[in-house]
Amino acid sequence: MTVPGEPAEVIELEIPARAEFVALARLVVSALASSDSNLADERIDDLKLAVSEACTNAIEAHDAAGSEERVLVRCKAGEDALEVCVEDRGHGFDPGQLPNHPPVTDPDRLKFERGLGIPLIRALVDEVEFSPTDHGTSVRLVMRHPGNGTAAS
Amino acid sequence: MTVPGEPAEVIELEIPARAEFVALARLVVSALASSDSNLADERIDDLKLAVSEACTNAIEAHDAAGSEERVLVRCKAGEDALEVCVEDRGHGFDPGQLPNHPPVTDPDRLKFERGLGIPLIRALVDEVEFSPTDHGTSVRLVMRHPGNGTAAS
Amino acid sequence: MDLGLDVEERDGYAVLSVRGEVDVYTAPRFRERLIELVSEGKHRIIVDLEGVDFLDSTGLGVLVGGLKRLRSHDGDLLLVCTQSRILKVFEITGLTKVFSIHDSVDAAVGGGSGGAPGQ
Amino acid sequence: MDLGLDVEERDGYAVLSVRGEVDVYTAPRFRERLIELVSEGKHRIIVDLEGVDFLDSTGLGVLVGGLKRLRSHDGDLLLVCTQSRILKVFEITGLTKVFSIHDSVDAAVGGGSGGAPGQ
């Protein structure tokens, strides 16, 4: 997909903030990732899941904020990495203030049906950045090519 | 995908004007069309081919114009139809001035390896509209739901 | 996007086979089906994930909710899953230690909760 | 996106089996392979389209160009295609009358140009 030395290719997908469109975001990202010969199948699955989680959060934030606007999924296929930004126009949040789950050995663990998305994202991609924007949140997910520091963060 | 009485859902895909991204446009359009229970498989294939032809022309126009800008594929999933607009920033053209091919019985027919895209588009979708824009061309392809005048034009 | 949800009886268990993608769009149907089963008095449920192509945290949430509900009825929820990319999601979230995950419906029926890899 | 292009000899024909999607991105490889065959002296070619999932006007252009090139060498280009959604593209463009289209490689080898449905 990319030629060394060339600028990154940018592909954008804009979807209504509705649950049924998350599958479309996954489809586009996995098609792009599959054409990136530097990413193994397992890493493509990881990115797909991370994007799905980020889009789900974006859509839930729009819902909560009553926003009718759309969610933007911007993919950059670069020389060193495949990067996906999910931008919403929801209520924003502070990722540093999320509660910690009780350990899995604690019987109370079962009280938590939610809150698994961001821990999953952090475990799956090489780099993740949550940035507040003027209108909501931008979540940047980076999957580096081998030889560019691929160890999961 | 659509609820009667609701406004059309708009999904946008923006791709670099390069041949390898036409497959992505097909993928998005066929995924959307498949989730539209009003379109039979055969009509989904027809729309996919028409979109592919329109994107191919858009990319060739960008090439010829030396434009580095991107091609926009805008899908509207509405109550009565699925509509796809392909917008380019190429050199524009007059679809009324395209040459006619010799009839297939003419031995000269074999001289024409090209020029089949627009006739295909016209035969495949219910409605097609070529509009000049400030920067290039917009091609609007409409696939109507049964009961909304589906006879191919 | 279709989510397949088929139920079969097997040796006192209700086996719910899930097919397709479990995400924020399809999870509500999955959740409802589970709740329905519980309210029909099925308190020993096996969820077969072998036909699942994709499962995200919303799907995990449905399973955690189901397990909680069944335990409150002194029941049990067992999983069948051998696909590495689905197992990975349970591993990352530590849920392999919460669920009893089996290689097949037969193994689940035979082993009960005792067969949980993490226990 | 991969385009499969395999060549086999069959009763004096070179059979080029195409797999995948033929579009503006993949068509150049298809065109080159055809030209290569002709320049290797293969003037009787069967293009088997049974493995093709998608074919657009760029693909048609490659086939028309191939037929023209082969005829100028007194050769022939036959097609194998039974998939309705691919045949449809030939029908709309009137190319069913230009190409000899067969149901199988066997039928093409046996029938030569005479088996063209449109003739």
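Note that the chains take the letters A, B, C and D in the order they are written out, and that residue 1 is the start of every chain.
Note that a contact is a pair of C-beta atoms (placed from the backbone, for glycine too) under 8 Å apart; a residue touches a chain by one contact, two chains touch by 3 or more.
The structure displayed is predicted, hence computed values, not measured ones.
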Exercise for the section: Kindly list the shared contact partners of chain C and chain D, in label order. Expected result: none
Handout entry: Rounded Å distance between chain B and chain C, as computed from the means of their C-alpha atoms
Key = 43
Practice task
Starting from the mean Cα coordinates of chain A and chain C, work out the distance between those two points in Å.
Solution key: 25
Practice task
Return the residues of chain C touching two or more other chains; collapse runs of consecutive numbers into ranges.
Solution key: 1
Handout entry: Shared interface positions of chain B, touching two or more other chains
Key = 20, 23, 35
Completion exercise
Per the touch criterion, the pairs are A-B, A-C, B-D
Completion exercise
Per the touch rule, the chain B residues reaching chain A in their complex are 1, 9-16, 18, 20-21, 23-24, 27-28, 31-32, 35, 70
Problem - Complex contacts: residues of chain B adjacent to chain D - result: 19-20, 22-23, 26, 42, 45, 48-49, 52-53, 56, 59-60, 103-105, 109-114, 116-117, 119-120, 123-124
Handout entry: In the complex, chain C residues that touch chain A
Key = 1, 21, 23-25, 54, 56-58, 60-62, 64-65, 67-68, 71, 85, 89, 92-95, 97-98
